[in-house]
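Look for subunit A in each of the two complexes below; its partner is subunit B in the first and subunit C in the second.
Presenting the complex of A and B:
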């Protein structure tokens, strides 16, 4: 589906990462791989260290911490928030919605519209699209978009497919109406036939968690996990990204008369360095224009990776400059979404530690 | 094809490849080399192959047949 918006802008991005760091080297002994193989894995995929939430800390805790930071530093006022969108796949409960819980904890006004969206890797772009749609309403002038995931507890420590890369984080993006008449365009596609390529099989209503689902078994590649753990068909996801994402970005650019040269940065979801380098190669753009350093510094926290990439790589440059960027998220769903948008002149853009 | 073989030899960390060489017998054969081969097929030939395709190819000659 193609989307088009005008008179909207992002005015700030704050990323919250847990202070607790886990190094790849410290977990090598968990994997069914020789030390040499693990070193090669580290080099090719760009694994170094990731941020992991302390035991018991949930996505909503990172969100609450970040929101209070903005309130305390006069960067955001409670009464200005007309809508609160939370994109997460690690809610506090099946019911109620976690955005309602946050509404209470943050002391927001009764009129604030709250909604949870269950999306992952494309979650930043899906959240932005939802925010822009809400801003078409007369009474909605400021939307807070929260992207948050604490999925590390669901990943088997002995799964070298997923454990080296999954990190935890949250981000807060402020989206507002604007007088500047600039067009924002997006394209988003879904392939539900491959919905289970990335999956946590047990723990929902379809397959409740039991003693049986907790049993750890070895797969054909020598990884150990249970049905309660996150599982990923790595080769299918890899092929999907290289086949679908460049095509979507090329089409979005050409149908809007924008050349690759006019785009300052391609800010993409961060699954691993290898995939992002292959993506840049296929798009024939330099690695400088498509940053790939989030997994090595923080890990992949699903829908939070694009805001993390923005706050880590562009950070304070966004306070006084403006850039034309292509955002692209892809993965779980399978879902792939790209957006052309001008960003800059932010009120804030930084990373804080929980 | 020459460039493909050169890159394949690079992935498997050997100087020379023969069509009869059995993939699983390479010292460097693991899930990472399989992923690198999948990426190589995509970049060199724009071709999508799966882990199962690579495993079923069994030999260097079998891999070359996947190019089609």
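Presenting the complex of A and C:
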């Protein structure tokens, strides 16, 4: 599905990462592989360290912390918020929506529209599309887009497929109406037939968690996990990304008459360094233009990786400069989404620790 | 090229006895992480970047299929 918007802009990005760091080297002994093999993989995939939320801390806690930081520093006013979108796959409860919980905790006005969206790796772009659609309403002038995931408790510590890369984080993106008539274009695709390539099998209504689902078993590759844990068919996801994403980006550029040279940065979801380098090679762009350093510094926090990439790599440069960027998210769903947008002249762009 | 490919596989997986005749994927000898490791080493050794679309189990099932895939990606 193709989308086109104008007179909208992002005015600030804040990323919240837990203070607690877990290093890959400290967990090598968890895995059923040789140390030499794991260390080679570390270099190739960019496994170094990740941020993990303390026990009991949920996605909404990271969001609340970040929102209060913005309120306390006069970067955002409660009464200005017309809509609150939370994109997460780790809600506080099945019901009610976590955005409603946050609405209460943050003391937002009764008119503020709240919605949860259950999306992951493409969640930043899906959230932006939702925000832009809300801004088409005459009564909505400012939308707060929250991307947050605390999925580390759902990952088996003995699963080398997932554990080294999954981190926790939240981001707050302010999206507003603008007088500048700049076109924003996006393309998003879904492949529901492969929806379970990335999955937590038990814990929902289809397969409630029981003592049976908590039993840890070894898979054919030597990883240990239970049905309550996140499972990823890494090969399928890898091939899907490298087949679908370059094609989508190339088409989005050509159909809008934009060359790769005109794009300052390709800011992509951050599954691992290897996949992003292959993506850059396929697109024939430099690694500097397509940063791949989020997994090694923070881990992969699903829909939060693109805002983390923005606030880590571009940070204060975005306060006084403007860049033409291609955003691209891909993964769980399976979903792949890309967007061409100008970003810059932000009110804030930084990372804070919870 | 063949000697280099065999040496790289033997270095990464010294436990595989008959590299020349093994069916790495069919016999369950290589998993996806082994393949990723091999791709990174082939890229470095041959000065290429193997196309992501070519990183499939079929292309890594035997020495012959690996060599064919490497040639397709510009290795000499």
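FYI, the second predicted complex is superposed on the first by the 354 of 354 C-alpha atoms of A that agree within 3 Å, B and C clash if a C-alpha of one lies under 4 Å from a C-alpha of the other, contacts with A are read in each partner's own complex, and residues count from 1 in each chain.
Keep this in mind: a contact is a pair of C-beta atoms (placed from the backbone, for glycine too) under 8 Å apart; a residue touches a chain by one contact, two chains touch by 3 or more.
Here the structure is a predicted model, which is why all the values come from computation and not from measurement.
S.K.: Based on the superposition on subunit A, does the combination of subunit B and subunit C result in a clash or a fit?
M.R.: clash
S.K.: Which holds for A:242: it touches subunit B only (first), subunit C only (second), both, or neither?
M.R.: It touches subunit B and subunit C both.
S.K.: Does subunit B (first) or subunit C (second) touch A:279, or do both, or does neither?
M.R.: Touch partner of A:279: subunit C, not subunit B.
S.K.: Check the contacts made with subunit A and report whether subunit B or subunit C touches more of its residues.
M.R.: C
S.K.: If you stack the two complexes on chain A, which partner ends up touching A:44: first (subunit B), second (subunit C), both, or neither?
M.R.: It touches subunit B and subunit C both.
S.K.: I'd like to know which partner A:71 touches here: subunit B for first, subunit C for second, both or neither.
M.R.: neither
S.K.: Return first, second, both or neither, reflecting whether A:234 touches subunit B, subunit C, both chains, or no partner chain.
M.R.: both
S.K.: Could you tell me if A:221 is touching subunit B, subunit C, both of them or neither one (first, second, both, neither)?
M.R.: both
S.K.: Let me check the overlay on chain A: which residues of subunit A are in contact with subunit B and also with subunit C?
M.R.: 33, 37, 40-41, 44, 221-222, 234-235, 238-239, 242-243, 274, 278, 281-282
S.K.: Would you pull the subunit B residues touching subunit A in the complex into a rising list?
M.R.: Result: residues 30-32, 34-36, 38-39, 42-43, 48-51 of subunit B touch subunit A.
S.K.: For the complex, which residues does subunit C have touching subunit A?
M.R.: 12, 28, 31-33, 36-37, 39-40, 49, 51-53, 55-57
S.K.: Would you mind writing out the residues of subunit A in touch with subunit C in their complex?
M.R.: So the residues of subunit A touching subunit C come out as 33, 37, 40-41, 44-45, 160, 220-222, 234-235, 238-239, 241-243, 274-275, 277-279, 281-282.
S.K.: Residue numbers of subunit A touching subunit B in their complex, please.
M.R.: My answer: residues 33, 37, 40-41, 44, 221-222, 234-236, 238-239, 242-243, 274, 278, 281-282.
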